[in-house]
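Okay, so chain A shows up in both of these, paired with chain B first and chain C after.
So, the complex of A and B:
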């Protein structure tokens, strides 16, 4: 036996060492996180489709006013990991867009009206949130993996050049602009590669969350560690799936990042996503203002701490993920039991967005726990390893992970309490 | 008709405990009295009622003489509004409601009688009548230190009352037309300058204790911080105005030469009070004390305008009485609501109240309006009053006016500082489990905010009724106006 940890979050570390999650294992926590996974999965089913649609079809459209008006082809696009027609069926469920999503896109939360009116009224899925996540990944960049370095490679530049020229074929004005400002166009393509990256990441996560919700409803998931283990197993099941960027012009497909480059889901999408969105993001959004000259913004991007794990959910609309738009999206798809929980606490309907945001925070601590356990699994030793040195190595790893939550903004201590709502 | 204004609260106050016991019903019944007073008050604006004069104790010169003019009618309406809103703001959970509402109506009765009185002895009677129910309201329904606050209020009030009684008796004894306390007689008495000079000291002390003005303010912060919200609304909004009204009537109208003699000192006291109140408000850590000290500051400005006694400054006095009555009642109502919901009134413990989901966004938005009005932001009632005061006082007392302008600047400092701390910033999750305010709780503040807004965009509503009367008083103070003309 190794001695107990003396870390500030010793209790959490001991729980992780026992195969648990950062989130305490209580029935209410389980109900909250599964409920919110379901509510998150429905808009996420739209996010990944539209991200791929933008990366592959809208591409460099100089006036992408209708980029959120996804084509039927992409709404019906078969998910690669669920449904009978999927290429690699891992999770149950259908391959097309979720029925609740389809129904919502028809009527929104108001009444049935032309799509443009739903869009202008913001009675729709808020893709701006998905784009904010993509921009966080694109902006932070240096988060391990080879993906970002590849965007500077000769092969990538040649592919991007080919795609740009093909896309603007017969458009001398844009070709002239490309000639004059090539870096501007290349940078746009790089950003579109991140659209594809995030779209492919969420293509996996949506069916994972749907299945977790179904299993919970059937009584198949009964504890927080079980929910976390399901995520860990899912991560390993798709860890090696390819991350790529293809562009379609009619029937022609240009492979800007071919699958053959060997970029994998875990290292080039999942881990950078968690780092950029859960931990870092950026302090420039919302109503809270930061004074960089007063050192309120860290000089090093790696020290940024504006993600959901640190977010102050109370000032709705403020800095950090999830911004209000995601909460609004999830609000439309809450399962009945979560609705009932919110009605019974706080101000009921009035502060549902905040309760929902805090639930989301809890659930993302659980997802982060899954990532931490997956990393431990991949890089270190089993939790039941008989070698004390190995267990100490695991301990050091967990403690290093918990060090990131020592800063006062972290909500780890808050989520240990059930009355944090 | 005027007698109805007094009979209604008296009857309801006496009969109410006998016909109802349910708190909600008692509140509804109590609200009838100020509602009728308000309707009658508004009706009197267009249809001035006849004065009443009924012999009461002729041996003492006491008559039930009632009448309205430009000074008293606006204050009668203000009292009716504030009583009605104070009743609306009263919690159903208050213990002993069968005692609470009659006491509140007694305060209303005393105030209305004082403003309608056309007899100095009757005024003193009403002045004293207010003291006991107000003390009881603070002592029974007040905060944790209510006993000390009530005793302090009682002692200061009793001293004020005794001094006023002494002054009024002197009025009667020195009146050449016999033992007559009628205002009409006193205003024509033309006492010798020396008598006026000494009598005015008594008048000043008595009414400055009520306003209050530094250094006679010892009771106010403690009492305002301990009194229940509806009572402090009435005390700060209407009862304190009795002090200003008394200075206008007894000082300026009956003792003009004495007033002229002491006016530089009165102006200096006003300026000192304004600065002292504002600086203390900046230093406060308790929201109620902050509002209490801000009130002292505003009363200081009012004193400056009274000292100047020009036509314009006296319009400013009336505007300030009405505007301050509404604004201070609004602020106390809102801080009371904040205290009720959050369980604290410590500025350090409050933040993020503007949060749309978990804060008190409606309440804090109205608080912002109230603070802006207190700071004299254009478009709100406070601006009209302060502009008239500064404009009217500048030529007579430039230095005290400058000091009051500085105090007005300080008002903006504490308003911004206070709201920035309480309204914005991060809402503390450990504290943010309070329930939101109901429309019933919001209603008094909403009405007061609307009135403050109306006063700001329609200034005549504050000065129109009293214009002629204040001009008369200012004109009677010839020496001051001569000075104004010379400068």
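So, the complex of A and C:
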């Protein structure tokens, strides 16, 4: 046996070493995280479809007013990891968009009316949240993987050039602008490549979360560590999924990032996503404001700590702020048992967005635990390894991960308490 | 002496590795003159990966090739030479760390049979699939 850890979060580290999660294993935590995974999966089923629609079809439309008006083809797009025809079936459900999503898109919070009215009334899925996540990945960049380096390569520039010229074929004005400001167009294509990256990432996560919810309803997931292990296995199962960017102009397909580059879901999408979105993102303007001149915002992007793992859910809870947009989206798809929990605590309906935001924070600590355990499994040693040096290497890894939560903004201590709501 | 692939085929415990090499389209390259150093995971190492991991990779040859190339070095290096340096550049691009010399450990895998000399390189048999990162 190795001696106990003396880290501030020694209890959490010992729990991780015993195969647990950063989130304590209580029935309420399990109920909360599974409920919110389900509520998250429904809008996510729209996010990934629309991200791919924008990356592959809207592309460089100079006035993309209808980019959230996803085509039927993309609503019906078969998920690669769910349904009977998928090669690796994770979600047993159908292949098209989730029925609850389809129903919400018809009615919204109001009544059934033309799509344009739902859009203008903002009674719809908040795609702006998905775009904020994409922009966080695009902006932070140096988060491992080779995706970002490839966006600067000669091969990428040649492919992007081909796609731009094909897209604006017969449009002399845009071709002239491209000639005058080539880097502006290339940078837009780079951003669109991140749309594709995030779309392909979430295409996997949506069915994983749906499956977890279904399993829980059937009694198939009974503890927080079981929920975490399901995620760990999911991460491995799809780790090798290709990350690419294809653009379609009619029937013609231009491969801006071909699958043959060998980019993978784990290295080029999942790990950068977790770093950019769970840890870093950017300081949202909620009821709290930041003064960069007073060093309230770190000079080094790697020190950014505005992700869900650090968020004080209340101050960022203002209209139009990306985390609130997600909370609003999840609000529409809460399972009944989670609705009841929120009614019984806090101010019921009045602070439901805050309560579900904190539930979401708990659930993302569990997802991050799954990522940490998957990395330990992939790069280090089994938790039951008989070699003490191996166990010490695992210990150093877990302690280094917990070091990221030593800053006062981290919510790791809070989620250890059930009355943090 | 036989080539790396023939040696692996004769050993009988690298069925998954050989199938993966073929699926990734790397057989011809690995049968070439090289020389290479190959860290060869046994069948049990692939079987220990969670369900679906190998299938997704086999369905996607470029991604599979990337993981396999992480098990190969350009040049033929015996154990004695490998332990003299902490990191070796893999054909995948990411470095392979040598973590211990006794027992001989490559990244988080233990070498269970070192220095199998072949026509076009050296094979070290490992007990886990190693992954970049």
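Convention: the second predicted complex is superposed on the first by the 407 of 421 C-alpha atoms of A that agree within 3 Å, B and C clash if a C-alpha of one lies under 4 Å from a C-alpha of the other, contacts with A are read in each partner's own complex, and residues count from 1 in each chain.
The rule is simple: contacts are C-beta pairs under 8 Å (C-beta built on N, C-alpha and C of every residue); 3 or more make two chains touch, one makes a residue touch a chain.
This one's a predicted model, so the numbers in the text were calculated from it and none came from an experiment.
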Using the superposition on chain A, tell me whether chain B and chain C clash or fit. fit
Go through the superposed model and pick first if A:380 touches only chain B, second if only chain C, both, or neither. second
Taking the superposition on A as described, I'd like to know which of chain B and chain C A:242 touches: first, second, both or neither. second
More residues of chain A are touched by which chain, chain B or chain C? C
Counting only touches as set out at the top, which of chain B and chain C does A:261 meet: first, second, both, neither? second
Using the touch definition from the top, say if A:88 reaches chain B (first), chain C (second), both or neither. second
Touched partner set for A:233, first chain B, second chain C, both or neither: second
Is A:395 touching the first partner chain B, the second partner chain C, both, or neither of them? neither
Degrees between the directions from chain A toward chain B and toward chain C, using C-alpha centres, nearest 10: 150
Looking at chain B versus chain C in the superposed three-chain picture, what is their shortest Cα distance in Å? 38
Complex interface listing, chain A residues touching chain B: 312, 314-316, 346-347, 350-351, 353-354, 414, 419-420
For chain B, which residues count as touching chain A in their complex? 352, 355-358, 426-427, 429, 432-433, 435-436
In their shared complex, chain C is touched by residues of chain A numbered 87-88, 144, 146, 232-233, 236-242, 259-264, 267, 271, 375, 378-381, 389-390
Touch list for chain C against partner chain A, complex: 49-53, 55-57, 59-60, 62-67, 93, 100, 107-108, 131-133
